[in-house]
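Pasting a structure here, questions to come.
As written, the chain order gives the labels A, B and C, with residue 1 at the start of each chain.
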Amino acid sequence: MHWHGNAAAGIAMALSLLAALPAASAEAPIRIGSPYATSTLDPMRSAAAGNIETFGQLYSRLLRRGADGALEPGLAVSWDISADGTVVTLKLRDANFSDGSPISAADVAFSLLRVRDDAESAYAAPLQQLKEARAEGDKTVVLTLKHPFAPFLGNLEVFNAGIVSKADVEKRGKDAFTKDPVTSGPYMVGEWRPNDRLILKPNPNYWRVGYPKNAGAELIEVPDANTRVSMMLSGELDAARDIPWSRVSEIQAREGLTLPLEPSTVIYMTLLNEMKPPFDDIKVRQAAAHALDAPAIAKAMTLGHAKRATTTLPAVDYHAADYPGIDYDPAKAKALLAESNYKGEELVILASSSGDNDKLSVLIQAQWTAVGIKSKIEKVDRGVWWERIPAGDYHASASWWYNETLDPDLAVRWALCGSCGSKSFYTGYNNKHVDEMTEAAARELDKAKRAELYREIQATTTTEVSQIPLFYAPYANAYSDRIKGLGMNPMLQWSLEETTVAGE
Amino acid sequence: MMSLPLASTRRQLEPGTFEIIAGTAIILAWVILALAAPLFSGADPNSIDLSGLLQPPSADHFFGTDHLGRDVFTRVLHAARIDVWMGIAGVMPPLLVGATIGLVSGYAGGATDAVMMRLVDITVAFPFFVLVIAIVGILGPGLFNYFVALALVGWVSYARLVRAEVLVLKNKEFVAAAQALGYPPSIIMARHVLPNTLSSLLVYATTDAVLVLLAGASLGFLGLGVQPPTPEWGAMIADGQPYVVDAWWICFFPGLAAMSLGFGFILTSDGLSRVLGR
Amino acid sequence: MPFLFALGQRLLQLIPVLIGISVVSFLLVQLSPGDPIRLLLGDRATAEAVAQLREQYGFDRPLIVQYFSYVSNVLQGDLGRSIRYQLPVESLILDFLPPTLFLIGYVVAISVPTTVVLAIVSARCRDRWPDHLIRAAAILGMTIPVFWLALMMSRLFGVELGWFPVSGYGDGFVGHLHHLFLPAISTSTWLIPLLLRNLRAALINESESDYVTASRSKGLGEGYIFRRHVLVNSVLPTLNLLGVMIAFLIGSSVVVEIIYAVPGLGTLMVSAVLGRDYYVIQGLTLFYAIATVIVTLTIDILSAMIDPRVKL
């Protein structure tokens, strides 16, 4: 018993000592909690959400996005596009890597070609149209394209087009990115504790003089949503990603915290496997779409914080916002089913256990049952989900995706184009006309004509139900008043370098 | 305190009976509630009402509604069908296997003991989550496979527990006497050793049953356990987790149900262990 | 000397244990669906990129070949590199080990004395109010879902009262004590009842056994009987249970680690399993095996010290 008393007294004493310590000082780093992990520091090696957020802090691209979302000069001060649209010449500014060495045209060519060609490159799609990248002297880069390509400048701003040091990568090989990569962005790595946190410290050689406007940041992995909320409420975080919808109003009402619901390119939808019955039949797909009350689903899933989705594309440029979408019409769904090949077999709804997907699956199952589509839910972890979806081992799956840039080209190639490699997000949806329009829209330099093409792509794929669009979810990121100027743009990039800490 | 008599309860009549009756009554009550769930609440446990999300408890919805507008009261009752069974089926196979291994291992000693205990080491050290993804991958997701996973791992605690008891028991006079009289080991184990381990076995098994009821929820994210939307207390608790502050009733009532069933198990075992202990 | 001999014997027995565990876990992980490369590269990676990288990592070779090349690396002291992080597995494990060990030590330091005191009080006051109170509290502690308790405590003591941090591991010994207080209490809440009920039952069982009655009839004092006979004989099963629980906790204190965002082995294992990071899973498995054998051996040695009739 004595031991107990002593321990209690000891703990109490320790606590009073700790309580006397000052709360987070102005010099303390900005702490950001996110469920999305940083799993690599090499910008070409992953296209997963957490890494996309990190790459933006470590590597500058040739172009950057301003606060209004418009493309601005980044490492390139200016650029010139040839009359036929196939040669882009960029002038680099005088800028240095974090190790003090100059960023040269050779580094730029190396970084871009690496993304296009390296076997370990996760996402070469944005640079597929790049035929040749050539350094002309130290400060001029000449990029030759296979054909005119409207989204190209935007694609130079995509997360994996960050510039890395050619000399360092060639010298250290893979080890260049395991601990302390040479960076070109606002920050460099203070310490990386994989599976826990990434500590960022300002890059003294960053080309934007006067930035970052803070002493550093910690990107902390906090997988549990309630824990992130508790940490925000107790002041252990300055910002948090993905606050659950059920806690949004609580955070918004709390003094010292804000939750602005920022626009994103996230779309929630339902994949229908068109490579096998019954969803190979367009009537069954249309029935399945008319059976879903998308506005009610959006409201129930996000407690009214999201807008229903009206087309198969998320809120990117050229989004046909006035398109009416697929209406909720159970009677029509039943009629379509009666005309179709569906004979009441039980379908598998594959639900990934991450996020809200299982909840969404339950809603879809119930609304399908009401019109006579029978189904059972199989809940699996992401690893199994990503094995079964590409293999076509499912009938339907509720999920979500986002686009990493505002131009719709990459989104269309990923989710709607049958011949672009991912078989329309592994649904097997394949419409030759859509594929042709995809190529035509990418080559079309006239904005009005592009808009017309993308509108037709959206209309066709929505009518043919390549996927069932459900809702567009904004980011629910929470911010503390201790920091000013932090936000996330639709490309998953934090404005961390602009952020100031109150009292500094 | 140290000078208080140890056996002060000996004068009580039939100790343990009250616990057995009370505990069994709770379990039986849940069995009846489960079987008669449609009588108590006519609603479909999976019926969704998007116009009535997150309603607090009221006369219409005794336990409120959940994030999909489903009636929590109805779901709690229907879930009992799975959970009562889960508490029993999840514990019995590991108990039987573990007790047998512990008994043999402890009594035989030597090489048998060493081999069996190393098997225990392998099982304890084996990462449960690896087993779970393998089972889901090979056998598929679902409730039955949850029991398989439990059985493959759960026997260890019983084996260590029984073995430790046996190590103490086998040095006791009555065992030595039986050995001297020439009884074969199987008889000695069954008649003299096993009955003396039963009380701690039962005590642990009921504790284990409670853990089994709640563990299903924490494995749901790997696809093991009941599949949505089937009502099950553990899964309901997990579903309600994001709403635990705003809509406490989604987690609270299934939690209370699990606690009351657990209480029934524990009372029964306390009573049984007393009756058997003499 | 017998201890040293037993230790040597155990270490020899460790070899088949390690082989057994490594083979089974290697096969299970590799046969499970889910591809580390796909998860690593992200959603939009093309099938060609995935296939190419699989080949580069050698995942397309026959399993048996992969296993032997893994084992031969391990024998040279190389546990491999994390597929996700490109870092040596042993350095990852060592980074995540301290919080888990500290937490377990903390839990044991809270649970064991509490259990012993409460069990003795409960057994000796059997069927009177202290016993009823303790047993009711034990049932409550056991049946409360851990995550719920953890959430409520972080809300009350962390957010509302601000006494304890709701996350992390802290700096320095005092910092660890402070940060891990809520996680340790949350874990102890289910561990204490588990041990307590076991010990109480054993205590009561022993106090009613024939030889205790005999001792009592010889006129020996209750306190003496209790210390010399009852406690000694009762404590062994509970000690064994504690051993199993500690071994489980090393790898499975996941819920608590995740809710309190403690960077421990449990979180590492879950993310490695979800990311199919084969070599990290393998390395952790081997580490668990060694830790389990050490814990078991310690428990067995303690058992032999408490009751000399128990042979190692």
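Please note the rule applied: contacts are C-beta pairs under 8 Å (C-beta built on N, C-alpha and C of every residue); 3 or more make two chains touch, one makes a residue touch a chain.
In UniProt terms, the chains line up like this: A = Peptide ABC transporter substrate-binding protein; B = Nickel ABC transporter permease; C = ABC transporter permease.
Remember, predicted model here, so these are calculated numbers, not experimental data.
So which has more C-beta pairs touching, A-C or A-B?
If we tally the contacting C-beta pairs, A-C comes out ahead.
If you average the CA coordinates per chain, which chain's centre is most distant from that of subunit A?
Farthest from subunit A by mean C-alpha position: B.
What chain sits nearest the middle when you go by CA atom centres?
Chain closest to the assembly's C-alpha mean: C.
On a C-alpha centroid basis, what's the spacing between subunit B and subunit C, in Å?
20
Can you compute the centre-to-centre distance for subunit A and subunit B, using the mean CA position of each chain? Integer Å is fine.
43
Please tell me the distance, in whole Å, between the geometric centres of subunit A and subunit C computed from their C-alpha atoms.
37
Can you pull out the residues of subunit A that are in contact with at least two other chains?
Only 226, 381, 383-384 qualify.
Please set out, as single numbers or ranges, the residues of subunit C touching at least two other chains.
Counting only residues that touch two or more other chains, subunit C contributes 32-34, 151, 155.
For subunit B, what residues touch not just one other chain but two or more?
133, 136-137, 222, 241, 244-245
Given the complex with subunit A, which residues does subunit B contribute to the contact?
46-48, 50, 53-54, 67-69, 133, 136-137, 140-141, 220-223, 227-229, 239, 241-247
Enumerate the contact residues on subunit B facing subunit C in the complex.
1-9, 12, 109, 114, 117-118, 120-122, 124-131, 133-134, 136-138, 156-157, 160-161, 163-165, 167-168, 171, 173, 196, 199-200, 203-204, 207, 210-211, 214, 217-218, 222, 237, 241, 244-245, 251, 255, 258-259, 262-263, 266, 270, 273, 277-278
In their shared complex, at which residues does subunit C touch subunit B?
13, 16-17, 20-21, 24-25, 28-29, 31-34, 121, 123-127, 135, 139-140, 142-148, 151-152, 155, 190, 193-194, 197-198, 201-202, 204-205, 207-208, 211-212, 216, 221-223, 225-226, 230, 233, 236-237, 239-241, 243-244, 247-248, 251-252, 254-255, 269-270, 273, 281, 284-285, 288-293, 296, 303, 307, 309-311
Tell me, which parts of subunit C touch subunit A in their complex?
Within the complex, subunit C contacts subunit A at residues 32-35, 38-49, 52-53, 56, 82, 84-87, 92, 95-96, 109, 113-114, 117, 151, 154-155, 158-159, 162-168, 174-175, 177-178, 181, 258-261, 263, 267-268, 271, 274-276.
In the complex formed with subunit C, which residues of subunit A make contact?
Interface residues on the subunit A side: 1, 3-4, 7, 11, 14-15, 17-18, 33, 37, 39-40, 45-48, 51, 119-125, 174, 177-178, 193-197, 220, 222-224, 226-227, 230-231, 233-234, 236, 381-384, 386-388, 390, 401, 414, 421-422.
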